[in-house]
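Sending over a structure as structure tokens; questions will come in a sec.
Chain lettering (A, B and C) follows the sequence in which the chains are written, and residue indices restart at 1 in each chain.
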Amino acid sequence: MSIWEYANPRKFLHTSERVMPVLWVSSGLLMAVGLIWGFFFTPDDYRQGSTVKIIFLHVPAALMAINAWFMMLVASLIWVIRRHHVSALAAKAAAPVGIVMTLIALATGAIWGQPMWGTWWAWDPRLTSFLVLFLFYLGYIALWEAIDNPDTAADLTAILCLVGTVFAVLSRYAVNFWNQGLHQGASLSLDEKENVADAFSNPLYVCMVGFGLFFVAMVFYRTGTEIRARRIKALMARERQEA
Amino acid sequence: MRDLRLAVRAGGGFGLGLAFFLIVTVMVPFSVGPESDLLARIAPGVLWLGALLSCLLSLDRLLALDWEDGSLDLLATAPLPLEAVVSIKALAHWITTGLPLVLAAPVLGVLLNLPLEGFKWVVISLLLGTPALSVIGTFGAALTVGLKRGGLLLSLLVMPLYVPTLIFGAEAARRGAMGMQVETPLLMLAGISAGVIALMPFASASVLRINLR
Amino acid sequence: MSLNVSDLRIARGGLPVLEGISFQLPPGQALILRGPNGIGKTTLLRTIAGLQPPLGGSISGGEDQIAYAAHSDGLKFALTVSENLRFWASVFGQRSITPALKAFNLTKLQDRPAGALSAGQKRRLGLSRMMVTGRPIWVMDEPTVSLDQDSVSLFANAVREHLAAGGSALIATHIDLGLEATVLDVGPYKAAPLEFDDFDGGFL
């Protein structure tokens, strides 16, 4: 029994279809519990008032935005090394989920930033890094869309993902360097959260796990779709060949 | 290295990037107003952005021409490794595009009222940074070489990769122009250039091999 | 050094096109590939030239021995005939381009820009490139396209000399070059569509 058995498309579909209902229900429950707990049953922060509660959306989304890219990186590496098609398709399937998470993180950040910093947007290092991450997602998705041959597309996007990761990390440092002094890190979520005690952290953890499971369920679902689309394409190509 | 000379001569479109650089720079005062204080403050950044865009403009012809006339297939079966081919291509791109931009930057700096100390640092930072732009751009060109509407996609792919180079390069130029110390960004810029020159050709060559299949 | 191909299976655009191809090409011999359009001759030649990996089977004896001529000639129109040739000669580490110019009757044209040549002249220039590679195995894809009668015989002579000098040639063509050559019709090797198996093969 090895993990690579799941590289078999049929085995993957079979297993993921059994797991997915559990994932959907549990992620839905956790997100509902976490968000309701967070929004309605936590005290207002003495400085930030109720605006602080947007962290229950902001932080998990930001977390998943980064983790989605890491998942794509790992899946790309598996494709490059072991050439399992499911892995390449999983990377493809994760990208749109990741970009939406990035957008949620950016939008909630802006909404939170308005009352807190008095501006919708500031070229804060962390915000800027997410904007750059968003651009990387855009390029990755656009490259998948542009190439007809699926194996070529998988190869090229995998290499773009590897190279992009290096440059994304570089950009993170560059951006930090570029705008270090203007905004203290403490004005942003992570440090704030630690300052704000357990009343906030527990529902936040629930939300994070909920978002994580939701992400996994989405990726399973979308990978399944990609596998089927790929199979249809293969069947049609075979028919043309026989004709 | 006669490949280089030939690649340079065959490349064509020599002055185009330069002319584009000039036009972008001239457009900036039209769009932000003629106050010389403001222009002096943004001059290093504008020069860097202009140079970056001019580089980008000439990238899609870098490998596409060789792809269309079949030279790439033939080069791939030649004894020269593809890593060397893409390195030479990047070098040729730098000599035809990057180097003229570096030389033109001080002239355009005058138009933007660049402070006197700034000239030196703009030129030095561009000199260190433009090779990285060419090498990274070659990777982008290799990624999109077989595509019909590659040009726009190329920009979309290459721009995010340009972010660290642009930040450190423009930062070094800006600090230099304002009389602040420039060592850190300049060192980072040199590090990025050295790193990408050493490693990017491998990525570009592997991508090109995939595209030639 | 002879080129050995055994049980080769090749794909184009992810679909297998030819399978079970085996042949041997010893020095001094030529092999002509025939077969209807779209059967996969170009794909076969590209695979043998090392531009794409085979699906299965093996190719040996071809490493760094093959000079490949594709449909397009890879000419730079801005450069003259002799500059074009000299470029390829230097890439392959060779010196003299005079025999190549002579063999393809290009000596008079050598200072003309390649862009000003006619289609047939361009083709001749593209083929003369094979002579400056100094490589023993010539792999050529439809070399006679747009050549007139005289040029075809020039080309055939060049190949004959190459063979006499111990080289070999693998040529996909539809016309009779008048060469002493084995003919391989690839038509019967058309690949059967893949059976869908349980694994990734189901994607092909």
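Note that a contact is a pair of C-beta atoms (placed from the backbone, for glycine too) under 8 Å apart; a residue touches a chain by one contact, two chains touch by 3 or more.
Remember, it's a predicted structure, so these values are computed and weren't measured experimentally.
Novice: Which chain's mean C-alpha position is nearest the mean C-alpha position of the whole protein set?
Specialist: B
Novice: Does A-B or A-C have the larger number of C-beta pairs in contact?
Specialist: Between the chain pairs A-B and A-C, A-B carries more contacts.
Novice: Report the chain whose CA-based centre is farthest from the CA-based centre of chain A.
Specialist: Of all chains, C has its centre farthest from that of chain A.
Novice: Just how far, in Å, is the C-alpha centre of chain C from the one of chain B?
Specialist: Each chain's C-alpha centroid was found; their separation is 37 Å.
Novice: Between chain A and chain B, tell me the centre distance in angstrom, where each centre is the average of that chain's C-alpha atoms.
Specialist: Taking the mean C-alpha position of each chain, the two centres sit 32 Å apart.
Novice: Please work out the Cα centroid separation of chain A and chain C, and write it as a whole number of Å.
Specialist: That gives a centre separation of 48 Å.
Novice: Please set out, as single numbers or ranges, the residues of chain B touching at least two other chains.
Specialist: Residues 213 of chain B each touch two or more of the other chains.
Novice: What does chain B use to touch chain A in their complex?
Specialist: The contact residues of chain B facing chain A are 139, 143-144, 147, 149-150, 153, 156-157, 159-161, 163-164, 167-168, 171, 184-185, 188, 192, 200, 203, 206-207, 210-211, 213.
Novice: Per the contact definition, I'd like the list of chain C residues that touch chain B in the complex.
Specialist: These residues of chain C touch chain B: 46, 49-53, 64, 66-76, 78-79, 83, 86-88, 90-93, 129, 133.
Novice: In the complex of these two chains, what residues of chain A are touching chain B?
Specialist: 132, 135-136, 138-139, 142-143, 146-147, 152, 155-156, 159-160, 162-164, 167-168, 170-171, 173-175, 177-178
Novice: Can you name the residues of chain C that touch chain A in the complex?
Specialist: Those in contact with chain A are residues 13-15, 193-194, 198-200, 202-204.
Novice: Spell out the part of chain B that touches chain C in their complex, as residue ranges.
Specialist: 2-3, 6, 9-10, 12, 66, 68-80, 212-213
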